[in-house]
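Common to both upcoming complexes is subunit A, partnered first by subunit B, then by subunit C.
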Partner chain A sequence: MSAVTETTYTPETSVGRITNFVDERVGGSGILREFGRKVFPDHWSFMFGEVALYSFVILLLSGTFLTFFFDPSMAETHYNGSFVPLKGVEMSVAYNSSLNISFDIRGGLFMRQVHHWAALLFVASVSVHMLRVFFTGAFRKPREMNWVVGGVLVILSMAAGFTGYSLPDDLLSGNGLRIIDGVIKSIPIIGTYISFFLFGGEFPGTHIIGRLFTLHILLIPAVILLMIAIHLFMVVVHKHTQYPGPGRNDHNVVGYPLGPVYAAKAGGFFFIVFGVVAFMAAAFTINPIWNYGPYDPSPVSAGTQPDWYIGWVDGALRLMPGWLFGFPLEWHIPFPWGVNTLTLNVLLPALVPAGIVFTVLFTYPWLERWITRDNREHHVLDRPRNAPTRTAIGMAGFVFYCVLWAAASSDLIATHFFVSLNDVTYWLRGLFFLGPILAFIATKRIALALQRKDREIALHGRETGRIVRLPHGEFIEVHAQLDDYKRYKLVGFESPEPMPGIPNSKGIVTKSEKRRAALSRFFFEDRVAPATPAELEAGHGHAEHEAIDPANHDAKSISH
Partner chain B sequence: MKALSQKRRHPLAALVLLLMGLMLTGGVYAVATTLNQAKADTTTYSANDIKEGNKLFIANCATCHGMGASGSASGPSLVGVGAAAVDFQVGTGRMPMQMQGPQAQRKPVQFDATQTKQLAAYVASLGAGPSVPDASLVDGKGNAANGGELFRVNCAMCHNAAAAGGALTRGKFAPALAGVSGQHIYEAMVTGPQNMPVFNDANITPNGKRDIITFLKTIEADGSPGGNDLGALGPVSEGLFVWIAGLGVIIAFTIWLTSRSS
Partner chain C sequence: MGDHGDGHSEQGAVAKAGQSVAEKFQDPGIPPHRPRLADKDPRAAKRAERQVAILFGISVLGTLLFFWAYFGVRLDQTVATLRLQNLLLGLGTGFAMLGIGTGIVHWAKALMPDHEVSEERHEIRSEADRVAAVKIVDEILDETGIKRRPLIRNTLIGAVALAPLPAIAMFRDLGPLPANALSHTMWKEGTRLVHDPTGTPIKASDVTIGSAFHVIPDGLNEMTEGKLEAKAKAVVLLMRLNPELLHPSAGREDWSHDGIVAYSKICTHVGCPVALYEQQTHHLLCPCHQSTFDLTQECKVIFGPANRPLPQLPIKIDSEGYLVAQSDFHEPVGPSFWERS
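Up next, the complex of A and B:
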């Protein structure tokens, strides 16, 4: 930035003179020098953040087009567009203008579908990006705060999606709003007041679409942009993480510089994402609002679901029973000022699962740091198998989410797999509690087994399938050794051991220390240590000896 | 009016008012219920139809529905269900039933048009019930917009707003309506097969039913204006599609983009 341009330099061409003129005034070459040399490691799993960013850009572009034609008014009108099955039907101006965008504005339906597909892709890529960061341990120091910013972005993207989903004012979006209204009203004492404040009176009122529109096109995208700026700024400050490999450590970044190849690739990738979204929008319909008709509080169509990212909350509401062992979950509590209702059957499923997921999500980096006492900076990622307990916790959370997610489509599971809707609900209720536990156990075992396999391959090489008969009649299979680069991947990782509680200055192991020690045991008790150099030495000697000196079979038969 | 206002505080005024109210509700109710009465079958069936129908009934239906269609432990009585019920159940292949279950499944139709008519004639002869609708009611030339409104208010909660079908409790379901003939749709509304409620002529007028059929035929003929409709199942199929196809294709591209350098 601070590079001082030499005034003696005079460019020869006119383009050079213009560039130099600009550069002398804004110092662009310094910025370019700094950014152009920024190194990014290449791996396909590092590109989901980019996909999210690009879908956000697509959302801004297509969204701007839609605002030209969308009118968020809830005034009543009669449809007079070109879609015959709705001709003359009474509806809100918002729905009318959404239909006009779909049928009477050139390219309108395409842009609407681009916007909606890009929205689904945006939240999906944000989620996958977050899963990648979690499972590879990229949230560790110094990136804890960026992890939190990412978590905020997940919530914001859900908010952006939901406010947009509600705008067309069709039957589907109105049903979704009604559920939100119900959830708000289930908050004790203040719920009704919040609902009336939000809707400007009794649901649905005549204000909500306009208010959601302002949030959707002004506040939420502005905050998302701000968060993206912070997110990317921190990526620049921290530099990018990298997968373990020879020559990669916590003090370097191995990869390609941003300019020119990587920048060109990233720019091209934007058009690939745009192309994929445009193809989906051109060939596959999304949110066919004309099917649902104008919003009317009385009908609820079968197959009414929210978009996928709100599905898990809807699923929780579907799974929650109204009665539990003969006890109603809806209570009417008489207070001196009147009867207040406590509808736990709505309040609990709406708030508790989301509360658990986001609490764990936001606190996890600090939790793991406290348990491991690991205060070092980490720029080299973990392979998921090399952090078995973390991977297992992540999978438990993932399954928890997926059970709720599946519950949101319980009716479609029932019709498409020819099973009873009630049975689907019962099974998912069971899985709600058991699924995460089973996932934890299974994932941890699988991760440990994979580690054992890695260790085995590092020490003894790969089975070639080539059987050799020795002169004295014994058959052996020849093992092929890995090259050093591949072997590094299998042995170059940290495998922490459980740590006992450390006494404080008075020589006492406090309760919290004991808890920390117990958690440390929980995390690291089951471990497969990476092969040490000594073990490797022994293993290799043995392997070569197996291949070239088959006469001595005593040592070999011990290990087989 | 003066006489009336002077008497308004008379002790019997309340009683008179009550009587008037009761008369009014009773009268309206009487008019309304006559609309609901089963109409006598106007279709003409010959005596031979009924005779042949009886034979077919004994051979194919009586096992469950009993001799004389009086019902048994495995099947309900068919006295008074009308020709429309027979035409729907037999004409769509639901009857004879493939197996006992939460509800009768569709299967290839077992009887030809004549045999179906004969069966319908026999069952209609047992007691008055809804008849097979007149062709003018199922021609699909009504008002699609009105039909759409009626459909969303009365039908979409089970059959889905795009008539793609939906789940009911304990393995029962509302089927998708694409490809169902107007006559069968009409008959389903007046007879309420399986778990479907009856939509009699007081609920939805014959013209309203005609509009609903028109709406269904219109959306079926128009197809999906926005491209492949992914089953018209709403956000679930859209979410599945973006996760599997959308993200899948993009992951393939990311792998391609990074394959050379890594």
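Up next, the complex of A and C:
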């Protein structure tokens, strides 16, 4: 163990000498040997995670710039900056400093806009990335825990966005906080206390911006950073998944080596994301706080929107009626010590939809694992159509989210399409229940239809659009057979069958096993099996069509 | 690292449900590499090289544009120059970044080797490692003796469970206890209703039928401390209707003055200001989640997520004819909370 290594290597150049100096002390050669040529699969849908990472880096850079000028104090001051319409107006120091960043620091407005656009892109890309992982089944063993880390990141990204949105202390952000305060107060027993502790007394108080600032620039980014580190560490441990196709299976990873191609593409992509965010910040105004004025509990304007990722919660608040068929949803419960109030019309929409979404999200990998009793590692992704029930569940969840999200714009929908606001709300209430069911049914049918089409193409080739007339007068379309590689992409998947209840060691099929079997039936009873070589043989041998050789290509044949 | 086409060798090791291996198509392996234009034609490679260099050049120009916009555009206190500078700074940064990004990606795609390669995956946890790890953990636990000395174990658990509690208790001073702060507002008998935000008092004769005023209590503007908190509870909407349209319930008959009524402006849903008054229908609409309150039914909720009517402020006129409050609200204003009875 105690052998002293004597290196005889002497570098020739000065760069070489420095590199060697460092390498001898940290062992960089070993790291480079391990990772320098590591293989990464490539696909456009793998880009969303990268966008999320890069927009987070942009947030760190632009946010740090903003902290040098932003002052999170709620002390009263009178505006004396360059924006004439607000001169002399009483406002908080926080709002004042946000105005100064916009009007008196060169490039300050640009940085605010970069920060805000990057924030919207960050939450969006994290969300779309999550959808990609769900619909391709990338959350399956061994990646279940990384799926959970991702779910935590989605929540953190929304928290980061909301705390940031509140900082400038303008009219809109103050109203957002007021709504949060109202929701917090609806929590039974401790709600009022949480509200008083959070705001340091009555709403709005003089503490909240400072506290949100600490959360926004310290705690939340630090936890996000930690989660990203864990997330990427696990990606390295698991190696990336790959889409099904020729040469790819659960035991290999097919793609480009990290150096140079993959690193160049991924590194270059950072600059592309930054460039796109810069263009958006240049051309599209976001959050023009000077138009809103300082926070004041009295005025509010109609048609204002929260940032997009808050929409679904706001929409849930809108959809819930205060009265249901004449029953009040606020209950005054007589206790021995007096009457207490349970505000279900606020509490339910604030908790239930988010509760459903996140419960399903965090448990889904285990649910599917239990139903399929599948304990194998999966490194080859499912094409969404090849897992019709999962894809349908995902679409049902997505539509559920979208209905709530649309509800947050119910007033804009009404004014834009000249319909009554009440009708929009009634329709959306109906869709809240029906939408996910319809989406489930439609998606499942579409997925099965696509599978059938794949089968058809795998067995009979693609339609070429070329019509030929056979000697006996019949017109047929020439089909071009696929080559082996293309065909394998269409047939190389598993189509599990329902798995009946399995007796345990005592020979009994337990209740929970029966339930599992029922769910397995629900998942897999509608299935399209992948085409087999025997079927392809049989198809070629069809007697009713003469095989003609329309071109010189050997792989073409005619079929019905 | 493997080379292309080795997919064959690894086929079939996984047990696939439903179908036996024989019924499945053979994996043909990674498709053969298709040479790109630049691989076959040196002129195309040269062209790609020039394109990459041009993209990097565009980035340089973008950076220069940024500096020109930063030092060259004079801000003159108008939003127009601000927007112009913002636009140019953004375009400069955008080109600077996109030039580098697209340049590198183009370089990678057109000129760097694009052969797909295959690598074996490795076991995440080998059985040998597991056995060794279990053995180590057993040895460590054995050396601590924690299993043989339950007294140490139990006292440690107790201590560790208690130790974090002070860290929670320390947050006690984040804010005061609510007490009955939510149950009263600035309004009291004789407080004048004044215009928000100017603070001028309102005569009953100023309030014509169909009009709606945004109102705050007299003295609010002069407060130096706790002004926003007071305002957040005390804002009121004042409207005048034909007295026949009001249907006051028992005990509220004298809360209005000649068709003039005052209601809290804080929505009973989650607290937005109820800012929209529809004259024809006598409805008040909250812009946040569209709760609709009917003035002719003492602001009962007729649509939307709110459950309770807006609290009414009893008003009268003083000796000079100005509108004043008879008392505070008779119930807490704004969103519901647990302690509210």
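Keep in mind that, in the parts below, the second predicted complex is superposed on the first by the 535 of 560 C-alpha atoms of A that agree within 3 Å, B and C clash if a C-alpha of one lies under 4 Å from a C-alpha of the other, contacts with A are read in each partner's own complex, and residues count from 1 in each chain.
Going forward, contacts are C-beta pairs under 8 Å (C-beta built on N, C-alpha and C of every residue); 3 or more make two chains touch, one makes a residue touch a chain.
Quick caveat, the model's predicted, so the values are computed rather than measured.
Overlap between subunit B and subunit C is detected when the two structures are superposed via subunit A. In the superposition on chain A, contact of A:409 is made with subunit B only, not with subunit C. In the superposed pair of complexes, A:300 makes contact with subunit B and with subunit C alike. Once the two complexes are overlaid on the shared chain, A:269 sits against subunit B and subunit C alike.
Looking at the shared chain after the overlay, A:430 reaches neither subunit B nor subunit C. Of the two partner chains, subunit C is the only one touched by A:106; subunit B is not. In the superposed model, A:182 lies in contact with subunit C only, and not with subunit B. By the touch criterion stated above, A:494 is placed in contact with subunit C alone, subunit B being left untouched. Legend: residue contacts after superposition of the two complexes on their common chain; A:171 is shown touching subunit B, with no touch to subunit C. Once the two structures are overlaid, the count of subunit A residues touched is higher for C than for its counterpart among subunit B and subunit C. After overlaying the two complexes on the shared chain, residue contacts for A:420 are found with subunit B alone; subunit C is out of touch.
Looking at subunit A, you'll find residues 83-84, 102-103, 109, 113, 256, 265, 268-269, 272-273, 276, 281-283, 285, 290, 296, 298-304, 410-411, 421-422 touch subunit B in one structure and subunit C in the other. Remark: subunit C residues 1-2, 4-7, 10-11, 13-19, 23-31, 70, 75, 77, 79, 82-83, 85-91, 93-105, 107-109, 112-114, 116-121, 124, 171, 174-178, 181-182, 196-197, 214, 216, 226, 228-229, 231-233, 235, 265-266, 269-273, 275-276, 287-291, 301, 303-308, 334-341 touch subunit A in the complex.
Those residues of subunit A lying in contact with subunit B across their complex are 42-48, 51, 83-89, 102-103, 109, 113, 117, 120-121, 124-125, 128, 171-172, 256, 265, 268-269, 272-273, 276-277, 280-288, 290-293, 296, 298-308, 311, 408-412, 414-415, 418-423.
The residues of subunit B lying in touch with subunit A in their complex are 102, 144-145, 147-149, 152-153, 156-162, 164-171, 173-174, 215, 218-219, 222, 224-230, 232-243, 245-247, 249-251, 253-255, 257-258, 261-262.
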